[in-house]
Structure formats: C-alpha cells, structure tokens
Amino acid sequence: MSYEVNINGEDREIEILSREDNRIKVLLGGKTYDLDLLEEEPGIYSVLWQGKNFNFELNTSAAKKYTIDTIAERIDVEIVDAESRYMRSRKGNDDEDAAFISTPMPGQVVKILVKEGQAVKGGETVIIVSAMKMESEYKVIKDRIVKEVLVKEGDNIDGDQPLITFE
Amino acid sequence: MSYEVNINGEDREIEILSREDNRIKVLLGGKTYDLDLLEEEPGIYSVLWQGKNFNFELNTSAAKKYTIDTIAERIDVEIVDAESRYMRSRKGNDDEDAAFISTPMPGQVVKILVKEGQAVKGGETVIIVSAMKMESEYKVIKDRIVKEVLVKEGDNIDGDQPLITFE
Amino acid sequence: MIKKILIANRGEIAIRVMNSCHEMGIQSVAVYSEADRNSLHVRYADEAYFIGPAPSNQSYLDIEKIIEVAKKSDADAIHPGYGFLSENAGFSERCKEEGIIFIGPDAYAINTMGDKITARKTMLAAGVPVVPGTTEPIVDLDEAVKTIMEIGLPVMVKASAGGGGKGMRLVEKEEDILSSVQAAKSEALAAFGNDAVYIEKYINSPHHIEFQILADQHGNCIHLFERECSVQRRHQKVVEETPSPIMTPEVREDMGRHAVAAAKAVNYAGAGTIEFITDDDLNYYFLEMNTRLQVEHPITEQVVGVDLVREQINIANGEKLHYRQEDLSQHGHAIEVRVYAEDTDNNFMPNPGKINYIHFPLGAGIRHDSYVYSGYDIPIYYDPMISKLVVWGNSREEAIGRMKRALESYKISGVKTSIPFLSRIMDVADFKNGHYTTHFIPNHEDALKSKDSCPEECVDLAAITAFIDFLKKQEQIKSVSNGQASVSQWKAFGRKKAVTRL
Amino acid sequence: MIKKILIANRGEIAIRVMNSCHEMGIQSVAVYSEADRNSLHVRYADEAYFIGPAPSNQSYLDIEKIIEVAKKSDADAIHPGYGFLSENAGFSERCKEEGIIFIGPDAYAINTMGDKITARKTMLAAGVPVVPGTTEPIVDLDEAVKTIMEIGLPVMVKASAGGGGKGMRLVEKEEDILSSVQAAKSEALAAFGNDAVYIEKYINSPHHIEFQILADQHGNCIHLFERECSVQRRHQKVVEETPSPIMTPEVREDMGRHAVAAAKAVNYAGAGTIEFITDDDLNYYFLEMNTRLQVEHPITEQVVGVDLVREQINIANGEKLHYRQEDLSQHGHAIEVRVYAEDTDNNFMPNPGKINYIHFPLGAGIRHDSYVYSGYDIPIYYDPMISKLVVWGNSREEAIGRMKRALESYKISGVKTSIPFLSRIMDVADFKNGHYTTHFIPNHEDALKSKDSCPEECVDLAAITAFIDFLKKQEQIKSVSNGQASVSQWKAFGRKKAVTRL
C-alpha cells in the first residue's frame, strides 16, 4: 500500500525499505533514514539516528492523526492512505462546515441552542460544552439546517463524537 | 468449577457469590466478604472492605502461584483447581526431587556438572547458575540418573525452565 | 491529640495531606465521588468512603455527606485542602458545632478576609499598606475627580457593583480623567443599574508576591518568607519561585512584618498566605489573604525546610508553634511549575482524557506532587492540573537548569500537556534574568509558542515514528481479529530477545 | 571547558551523571550493551552508541571500545560512575594519553589507595589513624604474641596471603593467644602455602562511617561531613544516613580533618570518600578510600546542598573549589535505602525479571534515583539494585517517618523487591534510636523477617484478590482465543463507565 505522511500541513511520500527488529530503513520524501527505533513505553519512543538520540511522545486524537511532542516543539503528523485520500477528495474547502459538530475533547453538554430542522445562520453558536470548569461555544461557519441533535443537555460526551448533524 | 485457595500453606474453599463491576461478594472458608476491588494498575489492586483500604501488589511465578506484597508482609497464595488437585495427588513427598531441575529466576548457566545417562548421588550439585553476579548451586536430593541435559554452559535461561531431567 | 483525619478533597492535595498524616502516624480517611474510585487519593488512604456523583456540588462540596463520613469513620479532624470547602466559613463553623476539628481558621477569619471591603478596612486599621484608593463607593463626579488627584495617576476606576472588566477604566493622563470617570459611571449604570464607582491606584509593572504565615491558637505568628507568583495567565499562576528575584532583605523584613500583622488582625490560627501586589520599586500593597494552604506551598517547604501540613496539624492540636521567627531562614532556591492537561497552542483549552503513559522526572532536587498514573483517565469534572513539579537548587541558576532538565525528561503520552510550554518559559531571557511582572506571558506570547527547536531531520524522524506506530497498531488489530495473541514483530526487544541472540 | 561527556556506565548512576550534565548545558553520550538498548540511560542521553554484548567484560569494561566511542562522538571527558572502570588506574591513565579528561583521580591516587598495605602506610605517614596492627607480615610465633600484647586484646589474626575468612582468628582472651596464632598459621599454610600472618585490633561494635571529600587540582580540599553506613548485609550497604546518629561535633571536626589529610596524602583531585571504622566510643580508624562517586552520595547532597557531580565536573575543568570548608553545614537529616530486585525471605536471592508495574513514591522530601520503568525487564547481567530512595527531613525522626511513608507507597508488581524488608528496618527500635552497628541485620534477623503485620481479614482479602486476578486472566485468555478483543467485565471502570451511568 502506498502511504504519505502529512507533516505540519505538507504531504510527503513514505516507504519502509527494510526492517530488522528495531533497526529500520525508511525513505521519506526522497531522503533515506537508517535508524534504530524503539517504543520504550506505550507511545514513548527513543529513536537513534547517526548516534543522536531523539525522544518522542505520541498523542493521537484519531487513528491516523498524531501530535508528537519533542522537547519544546509540537509536531502534527497525519498518515495519508488510500482511504484518507478518498475522504479528502470528497471534502470541500476549509471554510465549509463538516457534516456534524463535535468537540476535540471529552466534556459535558451545557446548553443546546438549536432544534432539529432549525435553520441556523453562519457564525451562530449551536452548542456549549464544558470540560474542567471551562465552557466552549461551538459555532457553524455558514448557514445550515440542523438535521439531528444526538445529545441532550447534561450528557457526557467523548472527543470527536458527533453532537449535532446538518443537512 | 470449584476452587480452593492455598493461603500460606493452608487450603480454603472460595466462591464468588455475586459481582457487579468492582463490587464483589465472596465466600472464603465460610466467611462472607463484601468488597470493592479495583485493579488500578497492572497487578496493583486497591480493595475497600468495611471502609478500610488495602493495597496489594501481585507477583506471579506461575499462573496459579501468587506472592502478594502488603506493606510489610509477603503472603503466598496458590489457586487450587481440579488440575492442581490432580497434579498434587500424583506428587510424592516433599523430599523427593521433581522430574527436572529448574531455577526460580532467570539467569545464565555457568557450569553443568553432569552428562546424560550419568548416575548422581543425593546432595550432589548438578548445575551452577548465575544471576546478577551471584552464583547458585542446584543439587539433587536423592540418587538419580540424568535423562536429558536441555541447556549448555553460557545459555541464558528463564525461571522455572527445565534444565536437566531425570529418569 | 488528632488520631484520624478526614481529607475533604481529591487529587494531588489530598495525597499531599495524607503523606504528612502518614509520616505523623495519623490515620487518613478519603472521600471520593463516582468519578474517583480509581483516583490515587483513595489508594493512599487508610479508609475511603463514597460520597456521591461526580459533580462537585453533589460530592466534594456536600457538607452533610462529609460530616456524615467523618462521624461514621470516627475522624477527629477534617483537612479541607485548597478549593472546595477550604474557604467556606459555614463549613468551618459546622465542624466546630459537630465537635470535629477543622484544620484551618475559624469562621471569623475566613469571613473577614473573604470580603474584599472588610478585609481592606481591617488591613488599613492594622497598618498594613493597601492599594491607595477609596474605601467607599463614589457617586458624585467631582468627588471622584478630586479623589483621583489625591491618589495620583495612573488610577483604575472600577464599578462598585461590577466585575468582569465592565465599568472599568484605566486613567493615565490628566486630560482623560473626566471623560473616563463619566464613561465608567454610565457603563456601570447600564450594566449593573448602579453608577457608583471606586478608585484604586494602578500598579504599572505589577508583581504578585505573597508571604506564607503560620499562626498558633496562642497568639504566636511567624512568616516563612515570600513566594514570587507573577508568571500568570488569566490570573492563574503558572510558575512560582522563592526567593523572589526582585526582593531585598530590607523589604523582605518589612513585608514579613506586615504579613504577620495582617494575620494577627483577624486572630488567625493555621497556615495562611498574604498576597501583595508589588511594583518595580518594591512598593507593596495588601491584595488579599488566602485562609488555607496554597497550591504553591511546596516551594516554601523546600527552601525553609518546614512541612507546612505537619505544622497545620500541630496547630490544630492546640500546640504552640514549633519555630520562632529567628529559627527560620531561606536555603537555596525553589521553583514550581503547574502541569496542566491542556493544549497551550490552542488557547489553553483543557485536554482531559486517558494518560497512556507517564514517566516522571527523577533525581537530585526534584519534588513531584501528583495524583495521576499511567492508564489513568483524567476526569472532566475537576481541575485540569495533573501535577506540580518542584525543583530545588543551590542557586536560582541551578534551579532553572534543573527545572529545564526535569521538564525535558517528564514524558506523558496520550494527552496534551503544558510541559513544552513550561519548558519554553525557562528559556525566555526575561525569566532567566528575573525581570518579569504579571504581564510576562502576554508580553512573550511569540517566544512561548511552539517553535522549531527540532531541526528538519528531527521533524522527519518524528513523522517516521508516527508512521511506524500507525503500522504497529494496524498489525495488532489484524492479529487480534485473526484470533491470535498479538505477538507483534515490533515488540521483539527484551530478555527473550537476548536469549535467542546470545 | 568540557562540552560533551561520555558516561561509561549504565543504570541509575549513568542517569544521575547525565542529569547534572543536562543542567550545566553539557552534552551527554551514552554507551550501551546488547542488553541495554531499552535502558533508560540511553533515552536520557543526547547521543548513544552500542558497545557490545551483554557481559560487562565485553562492553562496559572494554576500554578500547569506550575510547573509540569517545573519539567518534568527540567527547571531551569521560565520567566512569561507580563500579566498572571507575577505580581502574589503567583507564584513568589511558584517557590522559588520549587527551580525554577522566572525571576522577589520576592513576597514582587510584593505585596508592587501591592497595591496602600501601594505603595503610601512606595514612600512617600522614597522621591518619589506622586500625592498630602490624604493617609487615609476621612469621615468628613469639613476635606475633608480643605484638598482640602491645596492641591489646581483642585482636584479629589474619593470613597475609589470605581472604575469604581462611586463616583468620579472633582472639579475645589472653590464654587463647598462643593456640589461636598457631591455628591461624597452620590454616594459612595449608590454604595458601604461606604461614605469615598479620595482626589487627578487633573493633567490637563497629560502625561504618565515611566522609565525603572534594579536592581540586590546586591543592584545595574540603570535606562534606559524614555518612553512617552501618546497616549492611554481607558487607553490602543497605541503609545510609547523615548525620550519623552517634556523631558529636568534636569528633566530626577531627574525622573531617583526617579525611582531608588522607586525600591530600595522595594529591587527590575529584570527589572521593574516606571510610572509617568507628567503635561505640567514637574511636575511629581509616579503613579505605573509594576514589570515585559513592552509591550513597545523594544523602550528602540533600543535607549539604551541593551537587557532587557538578563539582566533579567543575574540578575536572580545572576550576578551583566553589566552596570553602566554612561555607558548608549540615541542614536536616537524610536517609537512603537501596531497593534491590531480590527475595529477602530467601537468602536475598536476586529476582530479576519483568517489572509489571512500578509506582514511585512522590511528594515532600523524596528523592528517587532509578533507571527502571513499568514494563522494563531487569537484565540478569548486572547489579540487582533497581533504585535508591532518598528522603530528607527536618529531623531524624521526620526523615524516618517519611522513609516509612515512601516505602509504603512504593509499589512494584512483577518482581520481588527488598521494599518490605527496608520498611521493617524503619520499625526496629534500635534503628529508630540510632543504636546500631554493622551487626544490625544479623542481630535483628527475626524482627526483619516477613511478619504478620496484616491481620487475618487482610490475608483473606489478599487471597481473594489473587483469586480474582486469576479469574480475570483466564477470561482474557478465553476472549483472545475466541478472537474477541478482550473487553473484560472486570475492566469496566473509567470514563466510559461514568458516561453511561450519569
């Protein structure tokens, strides 16, 4: 299968040339890396490359979306496979709403401001969610019509869980 | 299935009466315990019973053999099921050798003092194993004949791995 | 003598209190909500009782339930920690009525210090400097202008009934006085239906410096020197240190004396903190008193060598203070950072969730007060602070180097945390030099953003690592769905490996 | 100025050294054997190089390989830690030849102190008290008896060529002198083919007290007070503390002066330790000098406030000592315990293996120097010490309480460790009172055995827990073999749970 990785917004081809235990040879965007990679603890990697040691902590919000912490930097990496390419091709511009509203983290629904079938204006807040005593308002970008409200006030929700869908 | 637990050498019947999430009712040797038991981290348990909190750390040398650390005490518990009862019934006295020599912990074979087919006297050392710079001699209790030597000098071995078998 | 203490709190502070109990041979009783059965404070306690649903108002803030558990478990005393019921005068009073020792001050001290106006008046009467300003609301325009001229510019005009920045005006120039006061008054009227304002001296380069005090029930009171807490975001402290880099021995002595006077003015007993706002010239003014243990109390413990919780318990036992002022001195330098589960690049949005793995920094000069562990799911109901990392060093420079080292070896996977952000603070020249005010974080917004500390190859390696992790997980899913135990070819390393190789 | 240091070691001491490097802005280079790719010291280093198979003599003791890595990585200096090459005079010399700074003393100091007889003579010449006894082997029987009468009973008669207790006799009564010397001589002859013996004063209630010293390359030398290391098993230190509970200010000053004289006698430069054997009356005698960092150095750091590794590096840089003797004082009390993967109930048999889970103690006054982590497989090739737990307290009593608290919250599952044993030491009255000698562990064998601290119900609950764990694992095996992801009904707790419940 052919893969790309999207690093901080830029797509690059990636291919594993060889691997033997933790010694791996990888081709990334035309450059070959010969490295010794070890997952020491869950999500915590030590990578030795040309004698240098790099430590990475991996966080995933979705199966293919990684946020990697190095010492003082945070790097966003997305794995791009056939499926994601297909999904992307179907997606419109960035300033369009997704098919549903979700939150990036778990929380509790404080207030739902719309009803099913309701027409909402771009920029309007549709739901307020609280996590750890902080409330966040979630808005639509363009005018939309509410299809379904999947949660109710007081519900505990997961991150990336669909809350309100649109037509 | 009917179970017993062997606590510090003494067998007692055990039966789970009910369980709901981490709330468990257990009958142990005629006494009923109603407790809230949670494995917080792998092998580390918190047990609430009558408001009191007990923390246990579990070590297993074999599937049914537990060594449990409490604050200053070490408790040996063995789960006794049909299989172990059968094994027990076949086992002889304590002062007889097992069918093979093994070590309680991983290590490295330093020296093998016997050959296959050799007759060894009770009390004779058959193998020397080192772990963490400390060497231990393993002896037979009674006169035996060596059947198979399964390892060679310099080998790394696991705990409880058969090293030398006897006829 | 107290033999058993109920800790009416959760998280790191509950564990902090239990540790001292344990060291003193005192039994500890935990209470926990539905979200906290797996919380570490339950495991650290000798006894633990369930007190209700996850939301605080149905559990940790429920006075009846807590009193009930205290009685059931036969606890002699209750330690409230910080937050929750710690500054609740009614709870302090209720404990007294029930014959349970409240480890904290009495209702009078909490009430007096809890009300800003009363506190200000009490401090003025005790000779403690307060921010120059009016003590009574002003309705008359001319009087407001006259008062401003007396206090001297710059000043802050604030709505008496106000809050949240409404009806608030900073006046820096004389020609703006009239228009600003008028604007503030009309805004206040519109917002709160009351156009009364009060006027306060505006501190230009404010430092938040606080003094730790200890007072016994016999009228003795000492201070344990200052803590510098100016590194803040949205009035939330982020980094604290002691000694303050701007302090002088003379001002320290003065402030300490005033801190003691402040505590004595309310017949304080227990541990408490007097917060001062201080300008670049070390003019300082009473801001408020926190009538409880502070989050940042550990830096004082590291530098002064006194266990504050132990002393709280001794005081609650009716003992006289174990230290005289002249016994105490500052030894070395301590810094604390607060580690939050949050996305510092995204407006500090909280980021609760499951901690995949946590690796704490270890070694010389490191103190870590935490309550999370690998596999722990941070509940969404409570504070996103997951730990306090404290370092001690022989000098400020050594302490900063140590903090940087500690933050760089502090590994958490699974949730985003403020660790990289805190590490960047240690690199900012103004922090290193000790030249900072409460405006530090907004003033250094760019320097504190995630930046390219990682050269190109490092970014590539990070991407490769993510890719490998992705492949590993796919393999695991496959092997599980094929009904095999997941023996990944990626997981080969370990003893078994060494065995086959040698 | 040193910019990059190769650490020729592994485990906790490699990490300890790297921490100071990191704090000083110095790059660190790790070396690792085949058994150590997953060791934490590799992860903490800026660079890491493979140096060979697991057995030490093919990796960590291989001078050629280590020099090769030092050159390849452009390291200015090598820190040897303790053990391995740390007291190898040839290695010190070799580094010098290669133009690499050896962070430790020169070959002369190592050699002089490494040879017992030479060390003894050098100390006598420097006026440092040594155990009264003969400096030359005695063959003549009459001379031996005469010497014994001079030294005074009790004495130890030892074979000059000996070791391992052979040819050794304790003589306590005058009437036994002749027969004992004869027995020792004939035993020595039989065992070593040489009947020469030497005679040493026997110390009845021996204490092992050592002094930390620091010496620069400019002839300055200071001491950092004592460490009491009498709690030993098989000459292995188990618990160390400072200050010593039997020390007086006068003797401390004397011993410190002698420790400095000992170091100066070999033109010492670097950090070193002078070990003294001390009796109940505080008569003390030079035992040996360790020309390296000690395992137990952290307790000195906690009480004196000096980072010893940092000072080692400063000294190696050719700097003058940063401290004068009068700058230093002892502040509070520190205790270290060494945690081993061993079965203390089974003759302290090492117990390597996989650490299922480890939970470190946290909070005030705790320092933890370790190199293991959850999921780490302790290699069989090296020392079974997995961590050093150090506590600081305002007083000895506070420190003991804190150590007990720390040990009780220190959780390791998967391997047996000495934690419960160490915890029992803290409970022994003689330890609490500070009345102990090197015979402490043998003298308290019974008290130190695993005992019924756990009442009957607690034992029952432990058994139930094991049973439940067994059932859980059986379920997991079943679900995996059925091809299901293992969603055990035992693992329900967590956020998901809270979600469905509310």
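Order as written gives the chain letters A, B, C and D; numbering starts at 1 within each chain.
Rule of thumb we're sticking to: a contact is a pair of C-beta atoms (placed from the backbone, for glycine too) under 8 Å apart; a residue touches a chain by one contact, two chains touch by 3 or more.
None of these values were measured; they are calculated from a predicted model.
Comparing chain pairs B-C and A-C, the larger number of C-beta contacts belongs to A-C. Taking the mean of the C-alpha atoms as each chain's centre, subunit B and subunit C sit 48 Å apart. Per-chain Cα centroids separate subunit B from subunit D by 32 Å. Centre-to-centre spacing of subunit C and subunit D amounts to 38 Å, using the average Cα coordinate of each chain. Across the assembly, subunit C contributes 37-38, 357, 359, 373-374, 380, 408, 493, 495, 498, 502 as residues in contact with two or more other chains.
Residue positions of subunit B with contacts to 2 or more other chains are 22, 38, 41, 55, 106, 156. In terms of inter-chain touching, the protein chains here follow a pattern that is not a line, ring, star or complete graph. This structure has the following touching chain pairs: A-C, A-D, B-C, B-D, C-D.
On the side of subunit C, the complex with subunit D involves touching residues 15-16, 19-20, 22-25, 34-35, 37-38, 44, 53-54, 298, 301, 305-307, 310, 331-332, 354, 357, 359-360, 362-370, 373-374, 377, 379-380, 394, 398, 401-402, 404-405, 408-409, 480-483, 485, 493-495, 498, 501-502. Residues of subunit C touching subunit A in their complex: 341, 343, 345, 349-353, 356-357, 359, 374, 380-384, 408, 411-416, 419-420, 423-424, 427, 450-454, 457-473, 490-493, 497. Contact residues on subunit A toward subunit C in their complex (touch as defined above): 3, 5, 7-8, 12, 14, 16, 21-22, 24, 26, 28-29, 31, 33, 35, 37-39, 41-45, 47, 49, 54-59, 63-64, 66-75, 77, 79, 104-108, 131-134, 136, 156, 159. Interface residues of subunit C facing subunit B in the complex, by the touch rule stated above, are 30, 37-38, 40, 42-43, 45-49, 72-73, 373-375, 495, 498-499, 502. Across the interface of their complex, subunit C is touched by residues 22, 36, 38, 40-41, 46, 48, 51-53, 55, 106, 154, 156-158 of subunit B.
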